[in-house]
Amino acid sequence: MEETPPIITTHALTRDFKKTRAVDSLDLAIQPGELFGLVGPDGAGKTTTLRLLAGLLDITSGSATVAGYDLAQQAEAIKSKIGYMAQQFSLYGELSVVENLSFFSDLYDVPRAELRERTERLLTFANLTEFKDRWAAHLSGGMQKKLALACTLIHEPEILLLDEPTTGVDPVSRREFWDILTELYLGGTTIVVSTPYMDEADRCSKVGLMYAGRMVVCAEPQQIRAQIEGDLIELQPDDWQTAHALIETLPGVLEVQTYGDLLHVFVDSADKRLPEIEAALKKQSIVHRGARRATARMEEAFISLIKRMEEE
Amino acid sequence: MLKWTSCVRRIWSLSIKEFIHLINDWWMPAFMLFGGVIELLLVGWATSRPITNLPLMVLDRDQSAASRTVVTALENTGTFALKALAPDMETIQDALERGQINAAVIIPPDFDNEVASPIGRPTLAILLNGAESIPATAALRAIEGVASDMGEGVILERLGLEPDDFAGFAPSLRVWFNEALSEALYTTPAELGLMLEFTTLLFAALSFSRERELGTLEQLLVMPFSSMEIIVGKSIPVILVGFFDFVLMLSMVHVAFGVPVRGSLPLLLILALGYLLVELGKGMVISVMSRTQHQAFLVVMMVGMMDFMFTGYAAPVESMPQIVQQVANVIPAYHWLTILRGVLLKGVGLEVLWPNVLALAILGLVIGTFSLRYVRRALN
Amino acid sequence: MESNDYAIIARGLTKRFGDFTAVDGIDFAVRRGEIFGFLGPNGSGKTTTIRMMLGLLRPTDGSVQVLGVPVAERAKQIRPRVGYMSQRFSLYNDLTVLQNLRFYGQAYGLNNNLLRERIQHALQMAGLEGRGHTRTKDLSGGWRQRLALSAAILHRPELVFLDEPTAGVDPVSRRAFWDLLYKLVAQEITVFVTTHYMDEAEHCHRLAFIQRGKLIAHGSPEEIKRDTMRGQVLEIAPTETAKAVKVLRAARESGRLPLEEVAMYGALVHVVAPQMEQHQAAIAAELRQADVEPGRMAIIEPSLEDVFIACMR
Amino acid sequence: MSLRHLWAIIRKEIHHIMRDRATFILVLLTPIAMLFLMAYALTVDIEHVPIAILDFDRSTTSRAFVQRITEGKDLDLYALVDTLEKVEALLLRGEIKAALVIAPTFEQDLVALRGMSLQIVIDGTEPESGGFAVEHIGGRAEEFLSEALASYIQTLDVSLDSLQPIDLRVRTLYNPSLKPRVDLIPGLISMVLGFPALSVALTLAHEREHGTLEQVMATPVGRAELLLGKMIPYVIVGLINVIVIPAVARLTFRIPFNGSFPLFFLLSAVFLFALLSMGMILGVFIRTQPAALALSFLVIFFPGFFLTGIFFPIASMPEIMRLESLGLPGTHYAIITRGLFLTGVGLDVLWPYSVMLMGLGIAFTMVGALFFKKKLG
């Protein structure tokens, strides 16, 4: 495949706060048109990274270019090329949906001739047409997020930087939101999005896993999922604590993850181990339901990777 | 018993939290503590300084010994900085119009003769720039002083009186409680009283409006605080800082401007504490009424100004219309200033101040009850 | 209904703001010692309901009993016995982690020894050991969320209300958090939780779905799946997920396939249709026609997310 | 500088101001109410000052003198007392502000031209009314003396129209009554316009506290555009006050306005620009609203009160403060307002101050823009 020059690159990008190093010599290369998912445990430095890329924080050391501009020298020039969406709701609550849109379109110098058409398109896009005169503060959480996205899209930026855009958003709105992102992605916009939802990470073209300020894995979702060894078995025992302890000792079991009262068991071979596990549970008279072979999702892969990091 | 201790503990936890806020965002408490002190220093400094250096022009058309005496006497007052002798009226007119001088003295051509003649009526023409009434008034007083000194000499001469026999026609003056008639001595206590009011009110007014604006009030309300505990817990820092502020300001005016404490200091401190509680009640009401800190602040400014008007600091309440005088009676700051002056300068105690103390107590009771009710209702 | 067995009983609970009805006559009951999930889209009235249960808002109509106490009259009595984690503002940002926890603990009357122990435990649970002196505003969103949760249960309430406690929290911590909820429940603590993570909702003992202020489903996850799901779910692992979704949606629009729902599910596609067995082949054919290899296809038990979306549409 | 960016910020800010009705009304009303109250409180005509008289002489002359003292409405005879102790008690209780003690030799001394054997005792804690009493009793005494002695003096063949032989012909320009209110009100305008300046600082702190600044910082909007855009709406709010204030001053306090109103309006706009830039600098450095409030007093209100020459003549200040007062917009604006309200001069006289205001405004905005970083943390 022919290499196009990356649209975002960082070299040993570092940012310190008073006592902590939030981003630690981060090397990153994002190709144009990529839908890049930034994942990682809480406090791994995702928000700081996005803020750095948006030119909102000074760099402690290292360098970065965004859309061809140097981040340390030309932070202002970058701003018209990107759309940035902060984690917290940061639109003006007392302004209506349309007023917020027109405010940002002015700040981004959207050509007046296109303004009307773009506003209408974004409102339709975000399903906000019928609420266009409502105060932003009076929208539901999901609608606020969609409005925020619309505001960052108004100038049709080359790059979108989205910081946990779907946190606190209900599943229906979340899907709608991702449908919008997918369309943008298919339209060629480069998107960098941080998320705590692993199913969202699965929809990205590339996923970067941050840990303690560093990028530890950066690959396509399938590749990350493929890093998990073995097969996955899912089951729901009545007494999950005892079951967990029991299953961990069984042969062929690589890892046991709990999720509430649900157990995810990684085994070398599902066909072989599933009956063994069921038998073992039965022997201890632990009742269980829904034991089945499951497809390992991004979430399980993530947990597995993080556990490995923590052990190191 | 157990109930009591846990109640105290809850209040304690809230007060500690408030103090941490204060330390973290230290501008406000720093302002409360030192803003008052700075204001007092400025007031004390500004009022204890005589007005000097006022630009003055003299047009001497007489050019005589007498006229030169006048000019020298004017210079010797220290009030004026004599600008060059003016060549003509136009120069003076122009300077006045430009606001470059506060006053001008024109000595007519026959001044010397009029002074010398037994039936003479020497005249001095004075032009004042009324656009700046304070320096203009000071200038007029100084010129009047020069004229009356000169006039006295003229009278003695014309009536053939011996200076030793003459007691002067001006009555003698005795000032009580403030023998030197130091302005700092009466402005600083008043200013002190008002600063205490203002800072307490502002601080209290921000207590709820800030949490409401930031959204943390909801969490506070679902915790097992009774509304009484919330009010008390939030009040303690206000009272402590306010009280400390008062002691600090009092020491400052005592040391820097020699404001005496002639009455009982413990009594004053106790009454100051009581007064703080009254203002606190007002502040809390403003606080729960306001949705934002901005609103709370503006309301505090209005209320503070209203009180300022009724304290008798800027103008004697006796001179105000009857109805305004009635209103003054229900303004806590009015009674507080009377108490403050009484204890500090007059050295009186409860035997004299009891009507004010009583009024303050009644007002405190009314305001306190109302604010408790109101704040509680607003919190519930 | 024996009120002792129930932590919350809501009857005809209604809240109107002006002419807008935020909560519209909902009835439900939460048993003691269960995790009760309260699910619904943004703006459906979840937070309003919680506020009424806490006595922060007075119901326009109807009543609610919490821990056997009628809230409208005696909200004060229940406050020491419940914990509440609000959506965003339960912590003071300028306070440090420890100061926040201490404030909570003292407010709920924990004595010093117990407080020290609980704080220790809370720090551990939130993964904030050694960061006790960090100002809360300097914590990342997920960490703040964890801290808020630890604070809300510091006093071991009988009932805890959690309004989107895991929003923005990473998967590892979310699991740790749910482990903890199970431990709480084992100690007879009742949990009332709202969440947008449907996989979390699967782990609730019972659920209520609320939409536009009305209760539309109520029961255990299994019951809800059984009663409300029309059709079956086919899970497909196609080579090109996005394209597959596009193709199938086009097929739905044109009426070629009787699909109720086509949704991307990570790298998988979930398709919902009644009598799925009959359509499976047609779906595969549709995909192949568009040069998408359908990959592994299986009819699966619907996830709550499938159910939720079906319900809300 | 893009006008479009500027206008976007301005429009947004105006929406904010207008939509929060309570605050909007307060923002508009506070300066006017403050001005009104301050002006009233500072300039109440002193009258009805309660005094006590202790007449040791009890002669016809002294009784006539007492009559004369209390005939006006400036001094009210609270009590005629017979001992000094009673005077003291009344002063202590604050029931009288001053007392007049007439010596036993009053009549004798007067006839013998030895002078006036009088003592005025005043309450030094309230010299406002005390000083007033001294002045008025002194004036009456002089009048009384002149009249009493007029016939006697005529026999001496000297002319003495009064006991003040030097005739002071005082002409007070621009404010004939020399009432402080007439010039304090124009001066105080600069003080009360500190409120819009504070509002600017508060809104910036508010946007920081609520995170909306983060989103705006991520846009290509320029620093100066952002700062000016936040300022201009408050300049407009201030200008509304500027229109209302002369009207209020004229109607309630009968303050004349002798200059050109358009010029006043224009220069007020320049002043607001300068003052609000000061507020903006506060907002740039400060993170929270309470801090902005506290600092505004130290930077805007206290200096505005003490150093701008409204109450304390700048000429009398030490060198360093005189220099500092030059850096305060209020100093120049106070001169301008007095010139326009009272002196009735025009730009020919006021241009240096106008230039200074403009210069300060530009300098402050530049400082604000220089230190305002479009960065978090």
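When the chains are written out, they are named A, B, C and D in that same order, and each has its own residue count from 1.
One rule holds for everything that comes next: a contact is a pair of C-beta atoms (placed from the backbone, for glycine too) under 8 Å apart; a residue touches a chain by one contact, two chains touch by 3 or more.
All of these numbers come straight from a predicted model, not from anything done at the bench.
S.K.: If you tally contacting C-beta pairs, which pair wins, A-C or A-D?
M.R.: When the contacts at A-C and A-D are counted, A-C has more.
S.K.: Just the number, please: Cα centre separation of chain A and chain D in whole Å.
M.R.: Centre-to-centre distance between chain A and chain D: 61 Å.
S.K.: Calculate how many whole Å lie between the centre of chain A and the centre of chain C, each centre taken as the average of the chain's C-alpha atoms.
M.R.: 20
S.K.: Nearest whole angstrom, what separates the Cα centre of chain B from the Cα centre of chain D?
M.R.: One centre to the other, that is 12 Å.
S.K.: For chain B, write out the residues touching at least two other chains, lowest number first.
M.R.: 25, 214, in rising order.
S.K.: For chain C, what residues touch not just one other chain but two or more?
M.R.: Expected reply: no residues.
S.K.: Which positions in chain D are in touch with at least two other chains?
M.R.: 20
S.K.: Line, ring, star, complete or other: which describes how these chains touch one another?
M.R.: ring
S.K.: Can you name every pair of chains that touch?
M.R.: Here the touching pairs of chains are A-C, A-D, B-C, B-D.
S.K.: Looking at the complex, which residues from chain A come into contact with chain D?
M.R.: On the chain A side, the touching residues are 17, 51, 54-58, 75-76, 79-80, 82, 84-86, 88-92, 94-95, 99, 102-104, 106-109, 148, 151.
S.K.: Can you list the chain C residues touching chain B in their complex?
M.R.: Against chain B, the touching part of chain C is residues 51, 54-56, 76, 79-80, 82, 84, 86, 88-95, 99, 102-109, 135.
S.K.: Quick check: in the complex, which residue numbers of chain D touch chain B?
M.R.: Contacts found on chain D: 20, 22-23, 26-27, 29-30, 33-34, 37-38, 40-50, 88, 91-94, 97, 100, 109, 113-130, 134, 137-138, 141-142, 145, 153, 156-161, 163-180, 182-184, 195, 198-199, 202, 206, 209, 286-295, 297-298, 302, 305-306, 309, 311-313, 315-316, 335, 338-339, 341-343, 345, 349.
S.K.: Considering only the defined contacts, which chain C positions touch chain A in the complex?
M.R.: 40-44, 87, 127, 138-143, 145-146, 164, 167-175, 178-179, 181-182, 196-200, 202-203, 235, 237, 241-242, 263-268, 296, 301, 305, 308-309, 312-313
S.K.: Quick one: in the complex, what on chain A touches chain C?
M.R.: 17-18, 39-44, 46-47, 87, 139-143, 164, 167-175, 178, 182, 185-186, 196-199, 202-203, 221-222, 225, 240, 257-262, 290, 295, 297-299, 302-303, 306-307
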